[in-house]
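Letters A, B, C and D mark the chains in the order given here, with residues in each chain numbered from 1 onward.
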Amino acid sequence: MSSCGQFLSDNAAAVHPRVWKAMRAADAPQSPYDGDALSQRLDAAFAELFGRECAALWVATGTAANCLALATMVPPHGGLVCHREAHIEADEGGAPGFYLHGAKLMLAEGEGAKLTPHAIRAVIDPIRDDVHQVQPHAISITQASEYGRCYRPAELAAIGALARERGLGLHVDGARFANAVAFLGCDSADAVGPADALSFGCVKNGGMSAEAIVFFDPALADVARYRRKRAGHLQSKGRFLAAQVLAMLDGDLWLDNARSANAAAAEIAGACGERLMHPVEANELFVRLSPAERETLRAQGFGFYDWGADAARFVTAWNTRAEDAAALARAIAGL
Amino acid sequence: MSSCGQFLSDNAAAVHPRVWKAMRAADAPQSPYDGDALSQRLDAAFAELFGRECAALWVATGTAANCLALATMVPPHGGLVCHREAHIEADEGGAPGFYLHGAKLMLAEGEGAKLTPHAIRAVIDPIRDDVHQVQPHAISITQASEYGRCYRPAELAAIGALARERGLGLHVDGARFANAVAFLGCDSADAVGPADALSFGCVKNGGMSAEAIVFFDPALADVARYRRKRAGHLQSKGRFLAAQVLAMLDGDLWLDNARSANAAAAEIAGACGERLMHPVEANELFVRLSPAERETLRAQGFGFYDWGADAARFVTAWNTRAEDAAALARAIAGL
Amino acid sequence: MSSCGQFLSDNAAAVHPRVWKAMRAADAPQSPYDGDALSQRLDAAFAELFGRECAALWVATGTAANCLALATMVPPHGGLVCHREAHIEADEGGAPGFYLHGAKLMLAEGEGAKLTPHAIRAVIDPIRDDVHQVQPHAISITQASEYGRCYRPAELAAIGALARERGLGLHVDGARFANAVAFLGCDSADAVGPADALSFGCVKNGGMSAEAIVFFDPALADVARYRRKRAGHLQSKGRFLAAQVLAMLDGDLWLDNARSANAAAAEIAGACGERLMHPVEANELFVRLSPAERETLRAQGFGFYDWGADAARFVTAWNTRAEDAAALARAIAGL
Amino acid sequence: MSSCGQFLSDNAAAVHPRVWKAMRAADAPQSPYDGDALSQRLDAAFAELFGRECAALWVATGTAANCLALATMVPPHGGLVCHREAHIEADEGGAPGFYLHGAKLMLAEGEGAKLTPHAIRAVIDPIRDDVHQVQPHAISITQASEYGRCYRPAELAAIGALARERGLGLHVDGARFANAVAFLGCDSADAVGPADALSFGCVKNGGMSAEAIVFFDPALADVARYRRKRAGHLQSKGRFLAAQVLAMLDGDLWLDNARSANAAAAEIAGACGERLMHPVEANELFVRLSPAERETLRAQGFGFYDWGADAARFVTAWNTRAEDAAALARAIAGL
């Protein structure tokens, strides 16, 4: 695959050298599972990042992170509100149905795959408070969203206020949380808002096989630890996952990587003009392109996914080369 | 942890250099999930090893491998027979209950944690053929067993014949399959017998985070692929898992590693005499030792787990040093 | 509750005298569960009704009937297509998520809560054939629909053809199947079309506590029997449920009852004119009525449910008195 | 079936005339589900019986009652302790695995299918407090037990004390609770002990299709109501189930019926002498009888189940005629 091919997705990009280095350094035998020194450091590392008590667990995938987090908030007979195009609804192979034992995903609408208090209320207010209808127990949002849009701190606060008012848990799918923080330029704490749990993504941002579930309510983590084992996600050499996460946090590598990816996306966005279906705030671009235009780009060696009949999705990564982004920008401008 | 500490378990041992090398070589961007060239080679690699058609999927843990394999054989309202001390029953945090949606584990007895047709019949024959009792749909055995005992090919054939006669699937938990093949000195095909699926372990044998589920009936793999995704076990950089598995198979590294571990165990076993609770056929030793004797060994720097009140478990690994094994043997002999 | 109150629903109406009589006649001790002579007659009774081989199981509720039927067609990792306003989606408290172990309900649109091949394809055609998206395994339709609309035989045949073409099971929720057959005036076989299973309703039609699941593929019934027990729905005095179902079929009581209910609905419909939101084909009326108008009707003693802000739902039953229907018609006409 | 046949089981016996009468009286239309006046009386009726706050739900079967009760106490990743021969383990078709989403039944031993604190500790004390092993969350006992043995109040208090000490819920399967109270001659409250929930049986004691789940912690009932609907057990004409339960409580019919059954069992027991495998405390007799002896009894028209190779089970019911019991006693004495 040529280097241009990497506009397909950030999810298979190369692993960052500092992640490799940290993994190699973790090879010395250690206590198994999450009893090793690296795993034991996660809580403190995230507590420092977010400025409050945290309990953090590594897992191998974002799907597992999302589902294990939600399983602490939603009973089997309950439901959760998410966007109709949320990853948990559209792209996780029904994993929430599995992990939540049949709980219901209640689908809300919203520009750019973002939810608003209004959109959430439109879903939950009509639910009769009786046993014939599934009752909501949580809200799940994605930061940055599936269309690369970022929730501003005030938006998060408003959703959090609604969650508290209705007694709902709040989960943030942060597969691209780094890109959101890099864009927002705010503290991590402000970019996650009053969430109960965050799926903190690393794999799309230079990691290999580790994400973190960050619980801001440590009691939830106690349940999640049992569920993680029960799901076959407690790796015996967990030190290698902890090492990845810590390497990402160390020296803010996670933010540096995200800034690189965002910058490449911004460069390309600059050439797209009216073609953009969504403002580019993170590292994804949804661009109106006719079939012929897409063919032209592919003929030049650019790799990307079609997005319906008349558009394409481009994703930049931590290691997208500036010249590749510039080349794509030129190619689009030249269409 | 001193190097002697590694008698605690093989599950946290260092990663073999050739596995590291294969992982590094896999870092070039590739198709995500299992669309990469390495993942695509797994079927053929195992077909060559077993001399028949195979479909193989990587997963991160033995628990996931066991449960995904069994989920293709046992419906939610069914059951499976396993040994009372099987890993799936005793040490997987209830994962089979999760993956099999509440199917029942039917517990059989057997010397050395091994099942026999007689022991299996003792469990399933009394089950009334009516809806009030859960009906068996599969048998799961462990090769090598939880006490380090190996099924001989004739034993596997006999269990397989019973399985076919009763219409039951047959799964082999091969977390330490390598140690069994190394001990038996037979073909891999003879060491797995007429199984429908094998959990082929790598992590305890020099891998980092990859096991393989080998399906001898490819139709089962088609279901397992959906279940793997649904369980959050489809890693986007799956090439790194495939690389581990292929590195193990390449040049029979898996057998070399297992032979080393077995040899270290045999050396120690030679010093244990009547203390051995089970013949040592793989890389685990269960040794009668009084509390005082265990204290003596620990004072000398040896690490291991207690096994009840009057015994200890020692596990060797691919990288157990000969001098460490010899030292432990001497220490036990000197008690 | 005054007799007028029965426009609230048919689901709590009195039990028909012939059902009572049959239940009393069943009181003599019999084999437990479904081993009694009455339960054993169900298969033949439905085979006669539908003119083909059937396997029929009694259960206590329509929710259980629907879910047990669907559980034979949809694996936990699969999905099924139903209307957005289908009872299984909107009013069964998440029961399909429970019985199907987290399988996904894929919601289609359609006038009058009816599906069409076009509407079904609009849901399933965009689903990528990969493990990241839940794959459809069945279609569930409601005859008569949640808005009292009936599928014509040709419509059923078209949906059945699509189901076969795509390898999907077809389930018919017939909570008010009797009303549909009474309206259509066709054979029962034509009113169910090429379904694999039918939830045959009795409770809303003069029964007390028995519905039947009719499987047109007896192999599905073999699975459903285990699932019924597992769900706690295998009553030990099942003869009383079988008696209800047989009483309904005997002498076409089920059709007579449905004709009465339909006739009452038709009488009321005649007075509604433009107020009707849906043509009245069965025993439900959805009538545009302002809050003030509804208050007027309630002041006259009529009982019914609001249907949103500007409408009401009226349901007639087998025992709705002609004078009550006429009175309601007059009252509506007089608004 | 001859009247003697009723020694097969109490679970298919005739319905008591006062139950029939109450059901007929309930036929006037009412609010659906459990909104009717009868259903609304259940809490108070049981509060009076047990002398403390209760929340009571009707369901159709003991299996549903047991599983819905336990689902309020045991999370999917947890377990519960019950006797190896408990009905929930041996005769409910895996229903607990379904309702508890794969939670684990931890099997304890005990004379007469009764548990003791010692037997429970033998199961739970060896469980390591880590995520690799399923942790216990509840205890379930059967009063009277599967062998017709009754827990004395002091025994219940001791089990309850252990439950509280370990933070475990306590459930009592009271399919034959009436027989236990009739035998013990104590208050109902003393016969249930410090339980959190009781499955209060009616079907085996003259009811048709109604059991009650009595929650002594009303918060548990709030969850159970959602789970009942989700399991398809919320019948729309629930008034007929409530009527049955209330009829059983009214004038202590439940105790009168149980005393009759117990008396018949005692009469037979008097003829069994050394043949009895268990003391007869309720309405079940387990009697050592050779195949030839069983044949002799059957030739005389007595109906019963074999109990293994060398014994038989006889069950008396509320309507076992004194002359039938006497005849059986004579027949056994004459062997």
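Just so it is clear, contacts are C-beta pairs under 8 Å (C-beta built on N, C-alpha and C of every residue); 3 or more make two chains touch, one makes a residue touch a chain.
On a predicted model such as this, the values are computed, not experimentally measured, just so you know.
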**Prompt:** Considering A-C alongside B-C, which chain pair is linked by more C-beta pairs in contact?
**Reply:** A-C
**Request:** With chain centres defined as mean CA positions, report which chain is farthest from chain C.
**Result:** B
**Prompt:** Between chain A and chain B, what is the separation of their C-alpha centroids in Å?
**Reply:** 34
**Asked** Between chain B and chain C, what is the separation of their C-alpha centroids in Å?
**Response** 50
**Mean-CA-position distance for chain C and chain A (Å)** = 42
**Message:** Residues touching two or more other chains, restricted to chain B: which are they?
**Reply:** 76-77, 92-94, 97-98, 101, 131-132, 226, 229-230, 234
**Request:** Write out the stretch or stretches of chain C touching chain D in their complex.
**Result:** 1, 3, 5-6, 8-9, 11-15, 20, 24, 27-32, 36, 59-61, 63-65, 67, 92-95, 97-99, 203-204, 208-209, 226, 229-237, 239-241
**Complete:** In the complex, the residues of chain D that touch chain A are 75-77, 101, 131-132, 135, 223, 225-230, 234
**Item:** In the complex, chain D residues that touch chain B
**Value:** 76-79, 90-94, 96-98, 100-104, 131-134
